[in-house]
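A, B, C, D, E, F, G and H label the chains in the order they appear, each numbered from 1.
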Amino acid sequence: MNAKTIENLLLDVKENKLPVEEALSILKQLPYQDLGFAKIDHHRELRQGYPEVIYCSGKTVEQVVDIVGVMFHKGSNILGTRATEEMYLAVKEKFPMVEYNKMAKIITLLQKKIQISDSYIVVATGGTSDIPIAEEAAMTAEVFGNKVERIYDVGVAGIHRLFSKLDIIREAKVVIAVAGMEGALASVVGGLVDKPVIAVPTSIGYGANFGGLAALLSMLNSCSSGTAVVNIDNGFGAGYMASMINKL
Amino acid sequence: MNAKTIENLLLDVKENKLPVEEALSILKQLPYQDLGFAKIDHHRELRQGYPEVIYCSGKTVEQVVDIVGVMFHKGSNILGTRATEEMYLAVKEKFPMVEYNKMAKIITLLQKKIQISDSYIVVATGGTSDIPIAEEAAMTAEVFGNKVERIYDVGVAGIHRLFSKLDIIREAKVVIAVAGMEGALASVVGGLVDKPVIAVPTSIGYGANFGGLAALLSMLNSCSSGTAVVNIDNGFGAGYMASMINKL
Amino acid sequence: MNAKTIENLLLDVKENKLPVEEALSILKQLPYQDLGFAKIDHHRELRQGYPEVIYCSGKTVEQVVDIVGVMFHKGSNILGTRATEEMYLAVKEKFPMVEYNKMAKIITLLQKKIQISDSYIVVATGGTSDIPIAEEAAMTAEVFGNKVERIYDVGVAGIHRLFSKLDIIREAKVVIAVAGMEGALASVVGGLVDKPVIAVPTSIGYGANFGGLAALLSMLNSCSSGTAVVNIDNGFGAGYMASMINKL
Amino acid sequence: MNAKTIENLLLDVKENKLPVEEALSILKQLPYQDLGFAKIDHHRELRQGYPEVIYCSGKTVEQVVDIVGVMFHKGSNILGTRATEEMYLAVKEKFPMVEYNKMAKIITLLQKKIQISDSYIVVATGGTSDIPIAEEAAMTAEVFGNKVERIYDVGVAGIHRLFSKLDIIREAKVVIAVAGMEGALASVVGGLVDKPVIAVPTSIGYGANFGGLAALLSMLNSCSSGTAVVNIDNGFGAGYMASMINKL
Amino acid sequence: MNAKTIENLLLDVKENKLPVEEALSILKQLPYQDLGFAKIDHHRELRQGYPEVIYCSGKTVEQVVDIVGVMFHKGSNILGTRATEEMYLAVKEKFPMVEYNKMAKIITLLQKKIQISDSYIVVATGGTSDIPIAEEAAMTAEVFGNKVERIYDVGVAGIHRLFSKLDIIREAKVVIAVAGMEGALASVVGGLVDKPVIAVPTSIGYGANFGGLAALLSMLNSCSSGTAVVNIDNGFGAGYMASMINKL
Amino acid sequence: MNAKTIENLLLDVKENKLPVEEALSILKQLPYQDLGFAKIDHHRELRQGYPEVIYCSGKTVEQVVDIVGVMFHKGSNILGTRATEEMYLAVKEKFPMVEYNKMAKIITLLQKKIQISDSYIVVATGGTSDIPIAEEAAMTAEVFGNKVERIYDVGVAGIHRLFSKLDIIREAKVVIAVAGMEGALASVVGGLVDKPVIAVPTSIGYGANFGGLAALLSMLNSCSSGTAVVNIDNGFGAGYMASMINKL
Amino acid sequence: MNAKTIENLLLDVKENKLPVEEALSILKQLPYQDLGFAKIDHHRELRQGYPEVIYCSGKTVEQVVDIVGVMFHKGSNILGTRATEEMYLAVKEKFPMVEYNKMAKIITLLQKKIQISDSYIVVATGGTSDIPIAEEAAMTAEVFGNKVERIYDVGVAGIHRLFSKLDIIREAKVVIAVAGMEGALASVVGGLVDKPVIAVPTSIGYGANFGGLAALLSMLNSCSSGTAVVNIDNGFGAGYMASMINKL
Amino acid sequence: MNAKTIENLLLDVKENKLPVEEALSILKQLPYQDLGFAKIDHHRELRQGYPEVIYCSGKTVEQVVDIVGVMFHKGSNILGTRATEEMYLAVKEKFPMVEYNKMAKIITLLQKKIQISDSYIVVATGGTSDIPIAEEAAMTAEVFGNKVERIYDVGVAGIHRLFSKLDIIREAKVVIAVAGMEGALASVVGGLVDKPVIAVPTSIGYGANFGGLAALLSMLNSCSSGTAVVNIDNGFGAGYMASMINKL
């Protein structure tokens, strides 16, 4: 196709339909389009209803409001992660339809209807303290158009809680296992299901937990095959990856 | 179905078709089947042609030969990872049809025809030293019935090599990015494709590489969304996970 | 016993005392009970006076009050660890009989009389700064029905203080050694007594202490046999483990 | 008793039965006996059949043979851990009755009958590669007079294997959980039994396992109460601690 | 020259123009001057317009004001890094011409005209959060008399942004690459340009970023030649080093 | 002497000057005295003017005031390290003669004249930010009766500053080198003097300094012989050790 | 220039001098050339006499011989780093003119005369054990056409050795400071010269050196401005970077 | 003295006894002598019988033989640390009077009588495996002219062994405490004696010992004052430092 475009351009030059200067100016922009960089940049909006994402942490309240404004006027759905309540309130003043999930620290401003998948993603947590990260993953997946089943507080210290939900977990297309402490949930789930498991270590714990390092190493060393790991507390990354897989 | 089985059993008891003792003995075995554990155990063989896997590292030559023997007589396809040449030769003596990929340290003994997927997995490496781990991933995926495209030595120090293969990479259903040193390949690939990327840090490097830690941390902190990470040098895990995703 | 229950159920079905549907519904719940999960879940209450435990850290004040409420109405004794004074005051408003140990950050709400063991647990500390963690261990053990002897500030910098208490330490059934800094107390105690020693590293220290890592590694490498270690600052875990051993 | 001894000595001095010089010389040795040091030193032999332990690692073959010789002539049972085959053969030349467990790297030379406990210790492993460390623990416990049940290769990647042994595990007085990789076995076992669990991380694994660090941190951060941890690969320490608990 | 000075002195002594005592006293001070220490101390002022630098972090407001005062009266240009707004305001009260870059936390007080180089330094960042450190580098370089081109937010997650600036980057004499997260920018830039690259890891990130360690290790292990690294967040050091190189 | 005491006691018993009960009660206290523990406990006061030390960090204001009170009434000189201003003010209310060095965070309450040594200790620092730790070392040494020479801000970035003080440093009996950042001062000083050097790493620095780890490792690996290291920021420990050496 | 090429091509098409198919085929290769990738790829050979580099570590002897062969036939100068003696001998068999520096583990095969710079690079080491890494740096720089002055064994333990070479060091255009142990050389040199210093930590040391980590952290935290650091033992990287700077 | 030398030189110039050129040439070498560098270099030989030290590790056999040769012909006593048996044999061939301590890996070649101190150094170890490092310390101290008392295998697992040697330890002028595992010996000794303690962590241990890190951190965090630490396994450094202190 692209080659075709160039061929046509050359033919136009040959046939004097296109001045050399103009052809030159078109060709000078080709490389990036040819490489598809623009696709990367804009591919989300191209597909209807896809959200744009703001990682709010480390940005000022004003910056967040400004970025939301720009995206809003493009008509995009907007997902803001790690947003403080202060940010939410500032955005709300200008865009009253914005919504805030305090636990997940997520702002959403939906202008277009989201298509929801038939297959679903399970988001499971070891404890209740892992829920904020799990919610970040779950909401990210939902805003990207995935059906999500939440199965919280099913850690291995009381493994029967996990077993009572096994049917739902096994029917999922992909599973996100969120756990702090020793992060054993990922291994146990990985051993019980035959689907890709995305493991999210959380920084929940103390002492020799070292800010989530214990769970991270545990998950990376999982003896269950079919598990891959994202950064500590990276609920967004897990939700995004799971969405990619669920949409395949 | 299972509930149906129990119902029938109860009806049989009620109608005196089944003695209570016999029913009791059947019911005592129910829990595990009901939980589906057996499924886990045997699900691979149930699907035709699926291989059984032996992690050979840390096993003696005799143990490997014995396990191959057991699997062979079940008629399974067999995949042995991290196998030494000595192991291969010992297996070959008994099972002459076994094959060995010296670079990937993989033994394969295929008794059934493998169904190959239409969609494919890309396995890319940063350097030539990462190829053994990449081969472990690629062969694992192939033995599990996936089509694999190998794109080796496309690290970021000469990024044009990567760009010349972008078309093939973008058409894959899932990408495995294998890299040592600073592991930047995963981030760059993650930024260029719209498919799940499984990042495999390798232990290639020296000094402040700390046995692959540099690449591991780099990949976990990737600023590109849609990337998840497996353990250092865990080609098998990446191949297995990619196979799961590709087969969805 | 459990087999007996199923046998009776089958007999009831056979003799038409129990409709098949009802039997089916009972049997569907069996697996977990058969596996004993329920035992895990409820075993504490089954034994008279056993407390239920709330790990308050990371929970909101409201969550703590709610959980206490649920447990209170089951008639349980309640132990809340890592509770802030604010949590205590909020609980007190609803349950005036609650008590608070500010140093140990422990809430207790005892509705049933606790049976106290004859044998006792020694809780020893290296310094005075280790006492909060030691109190967490000691109170946990006490609420679980153990006699506890506290021997504080007997660190190795003035080892004669430890020796003057040796008789009491040696008569204990199990010893908890709580120490920060270099954590040498565990090794010295381990070398002097012929009983299991549970070592608790604390985060007391500075500089190359790295938040308790120095004491943790020291205790894990103890040259004295008969010592095992819990997480840094995990007084509750040590008290719980010691209680298990003391009750054997 | 000791006070009695001193009183008698003083009376003997008073009654001129004992010269002052002799009394002085006796009293000068008192402190250590009074502090019970001698008890520490010799307490094992005092109880019939108790073994003496040699940590062979880092000793020369000659040193091991010499130490065995000294112990043998005291009539002690002897346990040598981390012994090489070369050490075993050298010892065997002089003491043909010595036995060697090659997997556990343990030498035993038993001259007295060992009394075996009624209650038993369970030694469980996650994988087959953990068995050498498990055997070190099990044989240590056995030589110290404990009944041991071995339950190997019941890791969480196939958790039904563990469940099928739950009855035996739950009847134990104390459980030793030996696991490498991510070490999740300890948490799962800890959540299923109501007995003290001694967790032994092993150095089995690769990459981000960092020589057992992953399993160690995982076990220290276990969300299951009633678990304490010994050093990586410290099977002897776990067996010794379990023996202490089982003998209470 | 220096040898000449001594020779003259000796001639003066020989010719009785200089008393021995005086010559002795002069010679006793020689070593430091001979070694050039004084040059080190004062060399910046010797070259016209060179700034003096204050590292404000860890100093009190009063100390900063005092040091600025001393430098001001020497007529120097002054650069204060890591200065708080409070420091700026206190300095401003006494020296109203002082300027403050809030983002870079830099105070400048320029009394002499700075000569600007023809060749330029590129300062590039991966994300917007890296800009404060980049500004510290850029302003340092500028105050030292270098032309600087800022190219911000060109991280590898959207690599086309970087390519669109490649011409400007390639014409620089030296490039400063500032990046947090996984720090891949340095490797990619290093692979694209044929000039020295100074890599500045930033502490931007979370979880397994470990305060910039991920980016630091990534940059140290860069597979691109021609890259050297400064401390995490050390914008000043990078600016200073780049200035040295640009001025060669 | 001690043996003599026992001999006399025995003679007294023999000669009926001392009842057996009384002798027994005296002898029961002997062990600790015989082992010299009491010496340890009280040896500081025994030597005239020696201070008692309070490590104030982690203690409450009330605890500090109480301990000062007890020490004061024994007539001791008192040294309180890591004391907050609030602690100082609270102590001052009761003991107006107390003095406070705000920079060193040291409280002193001297009731007896301190004997000052002839030989002296040099306390040198790399930068000005290291001075608080250096003052803790210097004041500790002074209160223990040592003459101290302070040589501050002589770090290796401007090594001529150090050389200009070399004479004073070389005449010291022991040198304390206090430095943060890369801690090179200790090596350079160790290479220039022929006296014991006590190196104190400080937590001054940022980024890859890791809270003083860089300086600590640097000092432990010093290529200069005659250097030993104390914990990060442990000025007191260095002052105490230097005092011990200076008083030999 | 490049735009000119395209313009000419278009004119040729227009004027029928170039068939459309041929033009298309040329244009399809444009992107990379336009982006300058080819420059990167081939720029070294373009400048006369520039060497091609082989990082031999991790390659087989055959691979090294093959790569040398390819390069040789392009007429390039060849630099092989981290080459074993075995590799050298194998290469020599085919290319007898190859030379080997055993200490630096460097193979050179020079077919074109190298132009040597007027300005020079100083390569300094702390000890004699650092010389192999220093030689790797020095030879790399030399093969790239730089004059190099070696100043070895001038570590800070005997700082006068360094001072006696200060004149030569100060006249260099760039300094490479190679040191293991505590790596203080970089800071001291950085404080004495007014030129860019490239610090190379080596893995020389033991114990708390942790394979060069001590020197690495020390150099990253250098209190001397104008210093940047390469990976542990990365002599090649330092030589390459210094060459880039020296050639500016 | 030095000033006198210069004065005389000036007088000679003045009185024409010395040509200006010659005086100039002498003065040009002055700086280093004036700074006393030469003293550093040669001070050991200046004092009668002082040994020269060779750190043999990382040197070739030939290098060691050569260095010994140079030192021998200066008439020095020679101490070679970390020498292999092969080195010893090669030296012996040329200098038959050389002696070798295989355990300490120390070569000594004494040509002058060593003056032995009256006061003594105690070298104590925790276990028998620490003895090689202890011997390195002890022999270093002895060759430097110190009387040494060895007290080996007195670790805290059997603390009575230490107490039985307390008299000898307390009479020492300085104590070297050598220990691996958890390194508690240093703290216990530091709490029992009133003399400077030099702590030497050894790499003896396994698992979470991390090559001596556990003992190192333990010793740095010692709660006993008067302790300073040298690098892991640095027996020579401890012996040198102790010698410095003992000779004060």
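One rule holds for everything that comes next: a contact is a pair of C-beta atoms (placed from the backbone, for glycine too) under 8 Å apart; a residue touches a chain by one contact, two chains touch by 3 or more.
Remember, predicted model here, so these are calculated numbers, not experimental data.
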Comparison of F-G and F-H (more C-beta pairs in contact): F-G
Chain at maximum distance from chain H, centres defined as averaged CA atoms: A
Far-end chain from chain B, centres as C-alpha averages: F
Separation of chain E from chain G, taking each centre as the mean of its C-alpha atoms, in whole Å: 25
Separation of chain B from chain E, taking each centre as the mean of its C-alpha atoms, in whole Å: 50
Chain C and chain G, separation of their C-alpha mean positions in angstrom: 61
Inter-chain centre distance, chain C versus chain E - centres from mean C-alpha coordinates, in Å: 56
Chain H, residues touching no fewer than two other chains: 31, 35, 40, 158-159, 163, 191-192, 207-209, 213, 216, 220-221, 225, 231-232
Touching pairs among all chains present in the structure: A-B, A-C, A-D, A-E, A-G, B-C, B-D, B-E, B-G, C-D, C-F, C-H, D-F, D-H, E-F, E-G, E-H, F-G, F-H, G-H
Residues of chain D touching chain B in the complex: 128-129, 158-160, 163-164, 204, 206-209
Of all residues in chain B, those that touch chain A in their complex: 35-36, 40, 43, 53, 163, 166, 170, 173-174, 191-192, 194-196, 198, 216, 220-221, 225-232, 236-238, 240-241, 244-245, 248
Residue ranges of chain D in contact with chain A within the complex: 126-127, 155-159, 181-184, 187-188, 190-192, 205, 207-210, 213-215, 217-225
Contacting residues of chain G [partner chain B, same complex]: 31-32, 35, 37-38, 40-41, 57-59, 201, 203, 211-213, 216, 231-234
Contact set on chain E toward chain H in their complex: 3, 6-7, 10-11, 13-14, 16, 20, 23-24, 27-28, 30-31, 34-35
